[in-house]
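Just dropping this structure here.
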Amino acid sequence: MRTPQRASVRFHLAFAVLGVTFLAIFSWVFLKEYLAEWRTTQAQFDQLQRRVKDPHALSLAAPLGEIQQIWLPDLNRVDRCPTCHLGIDDPAFVSAPEPYTTHPGAWLRTHAPDRFGCTSCHGGQGEATDFRNAAHQPIPYWSDPMRSPQLIEANCGACHRERRPRQAVWLEKGREVIANAGCIACHDIPGFSLEELRAPRLESVGYKVRPEWLRTWLADPKAYLAQARMPNFRLEPPEIDSLSAFLLAQRETAPLDSAGIDWSKADRDRGRTVFGEARCVTCHRLEGRGGTMGPELTTVGSKVGRAWLFSFIKDPTHDQPGTLMLRYRFTDDQIRDLVAYLTEDLIDPGAPQASSEVRYVEPALIERGREAFVRHGCYGCHRFSGMVDLGKIGPSLLGIGDRAIEAADFRNAAVVPSRPNWLFLKLRAPDTLADQSRMPTFNFSEPDAAAAVVALLSIRRADLPVSRVTDQPRPVRYEPQGTFGALVARYRCLSCHQTRGWGGELSTVPLDRIGSQLQHAYLVSYLQLPSAVRVSLEERMPWFRMTREEARTLADYLAGVFVDDSLERPVPLDADAARRGARLYQTLGCRGCHSLGGTGGYVGPDLSDSGRRLKPGWIEAWLSDPGRWKPGTLQPNYGLKPEEARSLTAYLMTLSTDRSGSTP
Amino acid sequence: MNDPTRRRFLFSTGVTSVVLSACGFLGATARYLSPNVLYEPPHRFPIGSPEEFPPGTATFLPEHRLFLFNNPAGFYAISSVCTHLGCNVRHIVGEGFACPCHGSRFDENGQVVHGPAPEPLAWFGLSLSPRRELVVNTRQPVQPEYRFRV
Amino acid sequence: MGRTIFRVGWPRTDKDRAAAMISSLVLHIHPAKVQRHSLRASYTLGLGLTSAYLFGVLIVTGVVLMLYYTPHPLDAYRNMKDLQFVVTFGPVLRNMHRWAAHAMVVVVFLHMCRVFFTGAYKEPRQFNWVLGVGLLLLTLGLSFTGYLLPWDQLAFWAITVGSNIAGYAPGLGAEIKYLLLGGNVIESGALLRFYVLHCVILPLLAAMLIAMHVYRVRKDGLSAPPAAEPPPIEEMAPGRFPPSTRSYGLMALADRPAQPVVESEPDDEVLTWPHLLYREVLVLLAVLIALHAAALLFNAPLEEIADPTRTPNPAKAPWYFLGLQELVSYSALIGGVLVPTLLVLALVLVPYLDPVPRGVGVWFAPERSRANRIFAALASAAVALTLVGMFFRGPNWAWVWPWTP
Amino acid sequence: MDVFGRQAQEEGLSRIETDGKRLFVHYCVTCHGETGEGDGQNASTLAPAPPDFRASLPVHQPAYWKQIIEAGSVAVGRSPLCPPWGRTLPSDDITALVAYLGVLSRPAGQKPVEPAAKAPASP
């Protein structure tokens, strides 16, 4: 009876089996650790680098068998990508396969991996040490997968906040799309400001537009004008009724008096001539040609009333204080002819006819119109007295690049529920994502929408440390005072020209140092009657018809204030040097781009009159280093010696169309 | 095989497996405890462009615990960590280094003059990065004759 | 060598074995002899032992995991990623801790069911049942507090839901929630509190309760069928401890050295060494194997980093509270407060309210079939509600079939 | 369906070629024309006229193109009408332009080659 007090064989067997199983499973733990994906990847790299490198270089190579980590505390990033991407910074591996290959391009030269990591630009899960978890492709529970080539510029934009980042074409285009579409009117968007917004004030719109035009416009702005900036709000007919009633009732500022004008004497042909001479097409499109700063005028006659247009041309600021439109010094007769031309020749024959009868409008309808105006956030673009501080109608877009997208946000189940897809659809057709979206339809082209998606994705939630961000200072508003300021305001110089970074972008000539570039006498005559210096340009300075005194005032001020002292230095202009310069002009091939006496290219300005136009100090400085004065200019740097630059200057200063040869 | 032998065999198989696993467990624990990545400053770090350290100066970089010298012969970096018990030493121009904790004194080259410090102060190798920044490598000990020229 | 460890040398005779049990501090939690009946795997199912082992595994893995963990929202999630990707054996340890914790909830619950169905809580073990109920609640508390520590979406929202359920507690609910979170929202303060609760307070409490629980098992003896029951308490003289028939003093053996001990004993008793100890080692190995297999085959979940602005749909509490969440979804007061309070109260009072003193040590004793039926109904209701919450509730807490995607 | 990805494909150009295209459009098209046929706006005023790249590029090597871009057409003994850009554009930009010339010299419809795959190993 001793046996019961001993463990039976059965138990010993169970013990042995369980013990061995445990040993096996414990070995499996070790095996799993030492067969980790990154270890085998590194082992293969080791084979590769033995083939590619010489023994000396090999001894300097990164140690294998450990995890390589880039730790960036300020970006809150830990990137272990170099654990597998072992040749990324080493040109020797340029033809090696992934993941060992060298990084293409020169990007790592400006973005050293030890300072920027990998995921800052590429996205993905930097902490991971295997392919799948690194989120090379989207994975569950990691919302920031690696960016595809089409989207990678979104990550550039997280740091590069300047409006036009270098070498990020899509991002730049996207930011332009956002600025032009006026998204800032309804959404707070970091990097964009309301000052960029341009839309007419509507307090006196009842005097301005024809009722039948207004209905067409409200129904679909693009139907009237393909380039219309206003989006389609998808208004129902009752809303169009009430909104137009409300708008037509807005009559705050009556137009300037045109009662004394004898319209029967109007001459449309003379009006057409005035239109051409004033170079209206610099800003306004007509039949598909011309600038886009102002509204297209092809069918303006169907849009606005005659009296209002007369008033507007006479003084654009009368009811549009902030307009970009300048105030020409036209006579009343010239304006009459011009208005006649615009309102009678430039009409849309298909537009609905004016209904002449005056109808009684219920105040309730107008009130409903006001409600619709507020509901659709019209006040966001059209500044409206009595509608301030209503707030922006849309949500802030801060952090839109990190917004989580659920499959439920898509009504069309066929679309991959990703953030870019959602933004793309939202931009293209807001009504297809949610039933009650108040966002209007902008009719963005597909490339425009895609670019805007890139720009939007660059707006991240967590802000980066200041040291990581590059930006350009926002230009400070520049409003000159005094007589000069009044003239600048009247002729809207800063609608097209820039100075100190402030102003429009239409003109290629910034005013910052114009007084040191151009001769005074030339400035005076040019302001009075601008002549084309670049014949190939469509958008030329308008003929303001300003008086000689006005031109002198402007020129005096420009010559006195808008100067760069470094350009105001004497250049010896002797005949010998001029002869050498003339030879240089030939050997360098200047004629390829510049014309002289009617021959030569027209990429650059015509130089026939440069002796009377330009100041020698400027010519010399410009020729020595054009890119310094105008980044991106088509004038290349020839690397001229100082003596050569002086010779060319001397030669150019002899050029003049005035046969008498007089110099100022 | 009779019963007791079988029993003994099975028992010792089980015991061996368990003991092996236990050893493995100890080994695994030891391996687990040694970290594979470090969240600490790298051993190579840039300290700024050479122009930030004018000739004839000694600059204390507290965040890196070292002195950077620029004398006519070139740049050199000396650790500010006292070899005795790790306090930061102070630099006294013309005399050398003094440790405030236990009174160790070092000469200008970091050699022990007197005091409890057992070893001279460490010297670190320098290099120039592609972005023209001085880079210190704390894992590259150098001799006191070392001078780095830009 | 053996003598220094066991004081009696490596035990080779039955007497030595018994002496080793008695003179060793560690082995002293066992009696020298146990009833054969209590050793039957089919009787205890090894559930109490398994939960003790799981607790041990959780302590060991938990302590080493603490070395790579910082209880702060900015670091906690990254620490998880580090454990997942760069710490050697980190994933296995984390998985093991996770699965052991879940397994412990299940095993402790099953242990309670076993004890009830075998009537093992009856006199003199009433209080040990109460301790057991306390341990069940502590197990849930430990699991719940550990749930937040990874600081991912799963953790954050499960704790949000869970702590709000706690907020429904009568009277002091809001205050309990405030104390639990160290504030009104789940932020760094809440994480730190959960961390301290999870790593210090609750494990200490649990260890103390387990010690008492085991000590009472040792003192009251393992439960046995009626034949071996002790005499009724009324027969005992006042002021005396109840005599223990399961726990042997060394004297019981030493008194009769001339005779072989075995022959003088009832057939149904065997020495703890080796019979009980051997079985305990086997259970330990089985538990470890199962845990390792689970840890190697299934990764502990880790979702996106916690984001208070983004609620997953549906937001679910930890699975063992899903029954409660299901009840709360019907009625906050009745489901969230009344039912759970009454349940816990009933559990505590069960041994004192039980009118039938018989039926100990046998599964589903016929004389207590009514009690068993009631308990079975309640237990399966709890399981069913939990399963419903786990598998049959989709977005917006709407009814879904688990097999529909 | 990936509605965004479908739109953002850019003519199958690699990143460097896209850069090159941007530079080409800015600096070169006025004379050389959009497709490099030598039919830019300014071409009619030039004597000799700019070459038709479809014929001239395949004859030469990228190193030759690079030389012309950097030092002007005089550097290879031709007229001075194509100016030197070596002091105006950084070398990365010129590399990108050369890459885009590679695109222009390809017969139409040919798939672009990834830069990593076409560059030779340089041990």
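Order as written gives the chain letters A, B, C and D; numbering starts at 1 within each chain.
We take it that a contact is a pair of C-beta atoms (placed from the backbone, for glycine too) under 8 Å apart; a residue touches a chain by one contact, two chains touch by 3 or more.
No experiment lies behind these values; they were computed from the predicted model shown.
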Chain connectivity with chain A absent, coordinates unchanged: B, C | D
Chain whose Cα mean lies nearest the overall Cα mean: A
Dominant chain pairing [most C-beta pairs in contact]: A-D
Mean-CA-position distance for chain C and chain A (Å): 65
Interchain centroid distance [CA atoms averaged], chain B/chain D, Å: 52
Centroid spacing, where centroids are CA-atom means, of chain A and chain D in whole angstrom: 25
Between chain D and chain C, distance of the C-alpha-averaged centres to the nearest whole Å: 74
Shared-contact residues (touching 2 or more other chains) in chain B: 18, 28, 36-37
Where chain A touches two or more other chains, by residue: 7, 15, 18-19, 22, 26, 29, 67, 69, 78, 80
Residues within chain D bordering two or more other chains: none
Full enumeration of touching chain pairs: A-B, A-C, A-D, B-C
Chain C-touching residues of chain A, taken from the complex the two chains share: 1-2, 4-7, 11, 14-15, 18-19, 21-22, 25-26, 28-29, 32-33, 67, 69, 76, 78, 80, 125, 127-130, 133, 141-143, 404, 406, 408
In the complex with chain B, residue positions of chain C that touch it: 64, 67-68, 82, 86-90, 93, 285
Residues of chain A defined as touching chain B within the complex: 7, 9, 12-13, 15-16, 18-20, 22-23, 26-27, 29-30, 66-67, 69, 71, 78, 80, 109, 112, 114
Contact footprint of chain A on chain B as seen in their complex: 3, 6-7, 10-11, 13-18, 20-21, 24-25, 28, 36-39, 42, 130-131
Footprint of chain A on chain D - complex, ascending: 1-5, 7-10, 14-16, 18-19, 22, 26-27, 30-31, 41-42, 45-46, 72, 74, 79-85, 87-88, 92, 95, 115-117, 119-123
